[in-house]
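Dumping the structure here so I can ask a few things about it.
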Amino acid sequence: MLDKNGIAKRIAKEIKDGYYVNLGIGIPTLVANYIPEGINVVLQSENGLLGMGPFPFQGEEDADMINAGKQTITTLPGSSIFDSAMSFGMIRSQKIDLTILGAMEVSENGDIANWKIPGKMVKGMGGAMDLVASAKNIIVAMQHINKAGESKLLPACTLPLTGVNCIRKVVTELAVLDILPEGGFRLIERAPGVSVDFIRQSTAGKLFADADVKEMELN
Amino acid sequence: MINKKVSGADEAIRDITDGKTLMLGGFGLCGIPENCIAALVKKGVKALTCISNNAGVDDFGIGLMLKTRQVKKMISSYVGENAEFERQLLSGELEVELIPQGTLATRCMAAGYGMPAIFTPAGVGTEVAEGKETRNFNGKDYLMEYAFDADFALVKAWKGDTAGNLIFRSTSRNFNPVMAMAGKITIAEVEELVEAGELDPDHIHTPGVYVHRIFQGRDYEKRIEQRTTRPRS
Amino acid sequence: MLDKNGIAKRIAKEIKDGYYVNLGIGIPTLVANYIPEGINVVLQSENGLLGMGPFPFQGEEDADMINAGKQTITTLPGSSIFDSAMSFGMIRSQKIDLTILGAMEVSENGDIANWKIPGKMVKGMGGAMDLVASAKNIIVAMQHINKAGESKLLPACTLPLTGVNCIRKVVTELAVLDILPEGGFRLIERAPGVSVDFIRQSTAGKLFADADVKEMELN
Amino acid sequence: MINKKVSGADEAIRDITDGKTLMLGGFGLCGIPENCIAALVKKGVKALTCISNNAGVDDFGIGLMLKTRQVKKMISSYVGENAEFERQLLSGELEVELIPQGTLATRCMAAGYGMPAIFTPAGVGTEVAEGKETRNFNGKDYLMEYAFDADFALVKAWKGDTAGNLIFRSTSRNFNPVMAMAGKITIAEVEELVEAGELDPDHIHTPGVYVHRIFQGRDYEKRIEQRTTRPRS
């Protein structure tokens, strides 16, 4: 079973040289720590930055330089700054090669819910609806099961949707799964030490799994 | 050149009265019009509709205006950092319209660019789409979203000149340029106000034609929400 | 009867302090020469400049700094440069207080034709269609009659239209005329030495004129 | 950063083949991609559709490609400076679509901003409106105009870096930034190409994500169409 860093590490392997990537808040942010050496990637932050660098050194924080998670960050040589309209312009026109974001629920037909729990939580969707509606390549980083042991990979989402029929790949603490165009989760890799049976038990949506599905390689 | 300079925040917001619709620039607490917000709190103007990506935090930014109950309605994309906001929302004291961040930005741009409506795929198939016209182009569904109609836009820039030209610094740019274009009356507060001619025409982000009043702000706090650092190795 | 400079001089009197003004090619360009002292006006050039200054001194021409007529020009303190989308964005959103442009024909209901003579001339509309469709305040600078003595102020335009029902004021070599919301030209001022009768003769469209209409003051 | 640098115009246009749709930046002869045009003439690629505000003059700019009959169709707003153009048009050798300048700019922006269509009042009631959807918003009629779909955008900037970031100078900016955003493949030629990190992130007009290839141009002529001056008094 993977921890958050393990999920981030596995997702980092999906990033290819030359990609422009948008990382959501939470686990996706951690992905930046695991991008392999020699891979040139530009991180977009939808508040208006291409070329997000690491956190600043202590004492060098700049209130004017933050990422979409409101964290102080830095630029890199070749960075550019732009306004919010252009930022979402480049997202809508699919200039961003890969979007990685979190989810509370994902359904077997690729719907995603991650912004609202009626009566309980009203943080808002931020840029997530724009990202999932526009991106050509989206990976969801999420927990496969909640603390009560209930699956979050469902036949249909129960929470208000963020986007419909848009997710094609999910990485959880248990597995890597593709969502098939015709519907259903296809198990691609197991987390180390996790059995296909346990993944099947933990997936409420339709699951297609070969008995001999391989274990993830994380290094 | 036309001189847009006013003495300060109080003069700049003099005609913002109860019930007006305001756009406020900034993302989180980054690039917010601190002086204008303070002046609005001091003035005590009420029943405002505020269009802003976020709602500040409990004790800063638009949060200050929520505390004093000056806001009737918020139109935002993300409000997750403000407990007083959540309380007013759940109790029904505050109307809230949550819309996608890109839709928010593009509806501002549409107003500034004289486009009555735009098409975006954001929110198709979700509750955001309820009651809206959906239209298919090249096999993909889009929502038609209308340009905002705001009485005032309050923006914060790094530098400005007396002709109203603005230059923003780093990611404090965010919504400020698109809102500056969109207000019927646009008020800009700047960290440094210079004479017309001191800014390079090629580097101006917001041309002065969009700005009706400009003043040099003071006592900027520029609070940081998430102070993340790395150790010096 | 006015020459081109006279028309420009008369139009300049319509410009108020604090105006942003777009000047078309031809006579409108000359208007800049007659803006009264003490009036602060900013000229917009729709290729992407606010704050157009005078022509450069000989030897200081800059190929990168031109106006919408492709003439070398200069900037003024407080000028700003922007791209073509923003330029027409500010035109459409009516940030420009006054637009002055030329015409080949104007009709009594405010239609204008100035971009095409079928089979003869195909220069294109440039920014004229955007300007006339968007501006709240448009003055047309034009010849009242052509070389054959025929009126260009018509009941209806004969040439392909640039815009419909958009012109409210016309300044010609003979007169200043308003176009009434209900249709028809209303004579406001006569050019020096031009009679109301001659203006009536020279106006094919419906003309409303008092017998004692005043003569223009040009200084 | 991702390195977008190529050796020069020939390499940059290597995959522009017969029948492609190109956007070309510039207003008149100001800010046109001189090196790319020269390379296209040399290569002799044919049956091109060119989207450009103007068509150059007889012996410069896109005029060079008209002379060699490489252009099948022009989409422009103003073409009044080119006799060869007028001849080909009147003889029927050249297809021409004339559209309002603001519509041209906004259809480029729409492509770059992922908006399938926009609304503009330009051309309502004229022959430009023929066959187009008209829609009324707040009592005013607008035409619906579609985003352009161009295979390549060829733009000219003043400075650029290897990450593809562009800075334009003076009014040579014009259509270049909006076309840079709009091409499926965007090729930028610059007067000065520098390493990533040498340009101020706050002053970049076109972020590198929009630019696929960049090269340092040479032998810029930067011809002036109307050399107007005033005497030194």
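Going by the order they are written in, the chains are A, B, C and D; count residues from 1 in each one.
Assume a residue touches a chain if its C-beta (ideal position, glycine included) is under 8 Å from a C-beta of that chain, and two chains touch if they have at least 3 such contacts.
No experiment lies behind these values; they were computed from the predicted model shown.
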{"item": "Computed distance of Cα centres, subunit C from subunit B, in Å", "value": "37"}
{"item": "Averaged-CA centre spacing for the pair subunit D and subunit B, given as whole angstrom", "value": "33"}
{"item": "Centre distance in Å when subunit A and subunit C are each reduced to the mean of their C-alpha atoms", "value": "56"}
{"item": "Interface hub residues of subunit C, defined as touching at least two other chains", "value": "49, 75, 81-82, 85, 88-89, 91-92, 134"}
{"item": "Interface hub residues of subunit B, defined as touching at least two other chains", "value": "106, 113-115, 120-121, 168-170, 173, 201-202"}
{"item": "Category of the chain touch graph - line, ring, star, complete, other", "value": "other"}
{"item": "Pairs of chains, among all present, that meet the touch criterion", "value": "A-B, A-D, B-C, B-D, C-D"}
{"item": "In the complex, subunit B residues that touch subunit D", "value": "106, 113-121, 137-138, 140, 142, 146, 167-170, 173, 201-203"}
{"item": "Touch list for subunit A against partner subunit B, complex", "value": "45-49, 54-67, 69-73, 75, 81-85, 87-89, 91-92, 111, 122-130, 133-134, 160-165"}
{"item": "Residues of subunit B defined as touching subunit C within the complex", "value": "1-3, 111-115, 161-163, 165, 181, 195-198, 201-202, 204, 207-210"}
{"item": "Complex contacts: residues of subunit C adjacent to subunit B", "value": "18, 20, 40-42, 44, 49-51, 75-82, 85-86, 88-96, 134"}
{"item": "Residues on subunit D engaged by subunit C in the complex (per definition of touch)", "value": "27-31, 53, 76-81, 86, 89-90, 96, 98-106, 108-109, 120-128, 158, 168-178, 205, 222-232"}
